[in-house]
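These notes open a run of structures that come right after.
Next, two complexes with subunit A in common: one pairs it with subunit B, the other with subunit C.
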Partner chain A sequence: MNPREKLSAILISLGLILALLPLSSNRSFNARPEKVLEEILDPEITVTADQTARLVASGDNSFQLIDLRSREEFRAFNIPGSVNIPYNEFLDTDPHQILKNGKSINILYSNGDIYSNYAVTIARGLRYNNTFAMKGGLNEWFNTVMNSAFSGERISARENALYEARFRARKLFTEINSLPDSLKQKFIESKRLAAKKLDGGCE
Partner chain B sequence: MGPISSLITMPGWLEMLIALLIGTGFGFALEQAGFSSSRKLVGMFYGYDTTVLKVFFTAAIVALVGSQFLSYFGLLNLSQVYVNEYYAGASIIGGIIMGAGFIMGGYCPGTGLSALSIGKIDAVVFALGGFTGAFLFGETYPLIQNFANGSYKGAEKIDEALGISTGLFIFLLIVAAAGMFWIGELAEKKFARPDITGEI
Partner chain C sequence: MTVVASNLQKRNYPMKILKKYIIVIAIALPALILITIKTFNAAGFKYDAKRWSIPSFNGSNLVSISDTGKLQGDKLLVILDKETEGEFMTSAHIVMIPPGAILEKQHLRLMREHKGPILLFSADPGLSARVWMIISQTGITNIYIMTSHIDNEIFKSRFRPDTVTGPEFTN
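== the complex of A and B ==
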């Protein structure tokens, strides 16, 4: 065997091992700055607190809420069904492990707009176009969903559906967040496990 | 874990110093491998010496395999490694110009500087040509700006574009490289010229 054949044999063997390993097939950040700017200024990349409340209340399992706040803030309260990925972790770890979860929609939220918008910019740049930010974050969630009350004499069918969804989301939010810490932690763990399962290995 | 520059905040001068040391080492290795000889380099085009193909392809594959294994074992975060952006039209035209310059001048930019450092006269002329080209590019940039920035494909990787897994792409690339090394050696036998090692 000459050196060329030896080297080729070693490299082909290593290549074969790599072909069989479940490597994370990272997508590249793939957008021009002006295109990213145009996209993040587009209101289409956000969902309102009401839309999120409707999804939460429906018990639909095809979306994933991602809470970008710190672990302490998440433990204090969170929107039911959320998984906690603090913003710094979102940046430090491979975002693909978080976003490639098989869900049809990912909704990111933080306290306000800043971190969720940053994270959506990264996600959209990585072409996860099913990722949205909840406009106004938890501040808006509290204003719209938690503290809303109908005032008026007659309620239309549309308003009725809206307030019904808000009421159900609020009830779920209160129930889960009023659980004792031990149970809440278990609830969070179970959510994390559920999210982990979806990461998959051989994609 | 990410690339060193993303893990540690270094002052600008230290980054430049590291770049200088790495560059010096690279240049030294190029020179020692005989890459400061334009006759050895253009041998690639005439088929009598395919060292360039073998060296650069091997380097690329070793880096590819190494980085993927490091990433797999959690020692390197590949999402923090910069991927060059791809402008399709500009890359094709640029590649043709670079190839033409390579065959006419006998060097590629790095090996040209390597040859310049050991005082080769043709490398001096080559470097002057390179700087003239860079100057002309700068001066005519407004005219070609639209073309240069057109057909932008982003920082896309080939496996993404083909829709195959990274591992499979690496394997296919290695097989292709091994095939080319084999063809390269056949070409070296077919187009053999007298040994010039003593003259360079």
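== the complex of A and C ==
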């Protein structure tokens, strides 16, 4: 068998193998099933509304919030700093662009628990292990952060920190979502600048 | 003599072919084996995550407890958490599978071989959603999330923008 024949035979065999592969440009889960199962059953796959509020209130930009609701719902209001990827478009867009965005963690949320938990399972199946779901979604965010009020006579230091973070996140949420769309991004940038100044960082 | 030689030659023919194409076989065969394992592995994930997620995009995989009767066929109820087990003791086909064991071979076989809708139930709708997605990606269809919170994805509060006080911008 001369080299030309060998090469032809190799190419034909590989062509046949390619023909056997299902025709789809869509991504498939590439992590081991047992590993994905273990990860999605870990309680730490979810973050609470309070943990999210703390991140939002801190002005930290090392995390990315991803709103899975429809475009109309997102336009009405959203958690400050969020990007909108409606759940039914989650696999249409390149997950790499959404989830490998240079941020240390991605937090997915919707109105409730269903869409964010579908999406977090997809993300873990595609090996984006820095992705989490916000437990209870915006319904829980409103119950915990937006509508919370301290009732009692004495407040502990821990409770004080908790209510302070809730208050700051609530203030930011209301301020940003009361602005016209054109000013929202400018306002977020302004807040980050203020946070940098407070930290003593350079502009 | 010539007949014996010819028979021997015939017998050696496959070996000759094998030797001739050894490089091709060495490259193509492992690839073919890996593809076959990935395609037909019952506990593995199937190709094309989007295809198996479609019912979750349009919500056709969600069913309220009162609407389960509308589903056609013999139903299999899979209860994911122990606390809720007692609520459905009257149901004929009911199995309790802890979420951590859902990908075990016998459980996948049970769901694969069941003719009719499979209903997943957990008190935590987030857990049901995650388990639904992982089972669906193994290629099992006709699987639903049975929930008492069908309105889970409906926003239940009201947001009132504050148009009185303007925010301060830092320059």
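What we mean here is this: the second predicted complex is superposed on the first by the 146 of 203 C-alpha atoms of A that agree within 3 Å, B and C clash if a C-alpha of one lies under 4 Å from a C-alpha of the other, contacts with A are read in each partner's own complex, and residues count from 1 in each chain.
The working rule: a residue touches a chain if its C-beta (ideal position, glycine included) is under 8 Å from a C-beta of that chain, and two chains touch if they have at least 3 such contacts.
All figures in this text were calculated on a predicted structure; none of them were measured in a lab.
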item	value
Touched partner set for A:Arg4, first subunit B, second subunit C, both or neither	first
Which superposed partner A:Asp94 touches (first subunit B, second subunit C, both, neither)	first
Touched partner set for A:Ala19, first subunit B, second subunit C, both or neither	first
Partner chain in contact with A:Arg154 - subunit B first, subunit C second, else both or neither	neither
Per-residue touch tally on subunit A - higher for subunit B or for subunit C	C
Subunit A positions touched by subunit B in one structure and by subunit C in the second	14, 16, 20-21, 24, 26-30, 92
Contacting residues of subunit A [partner subunit B, same complex]	4, 7-8, 11-12, 14-16, 18-21, 23-32, 92-96, 203
Subunit C residues within the subunit A interface of the complex	20-21, 23-24, 27-28, 31-32, 35, 39, 43-51, 53, 56-58, 62, 99-100, 102-103, 124-127, 129-134, 137-138, 145, 149, 152-157, 159, 161-163, 167, 169-171
Subunit C contact footprint on subunit A (complex, rising order)	1, 6, 9-10, 13-14, 16-17, 20-22, 24, 26-30, 33-34, 36-38, 40-41, 45-46, 73, 76-77, 87-88, 91-92, 110-118, 120-122, 125-126, 133, 135, 137-139, 142-143, 146-147, 174-179, 186-187, 190-191, 193-194, 197
Subunit B - residues contacting subunit A, complex	54, 58, 61-62, 65, 68-69, 71-72, 77-79, 83, 152-157, 159-160, 165-168, 170-171, 173-175, 177-178, 181-182, 185
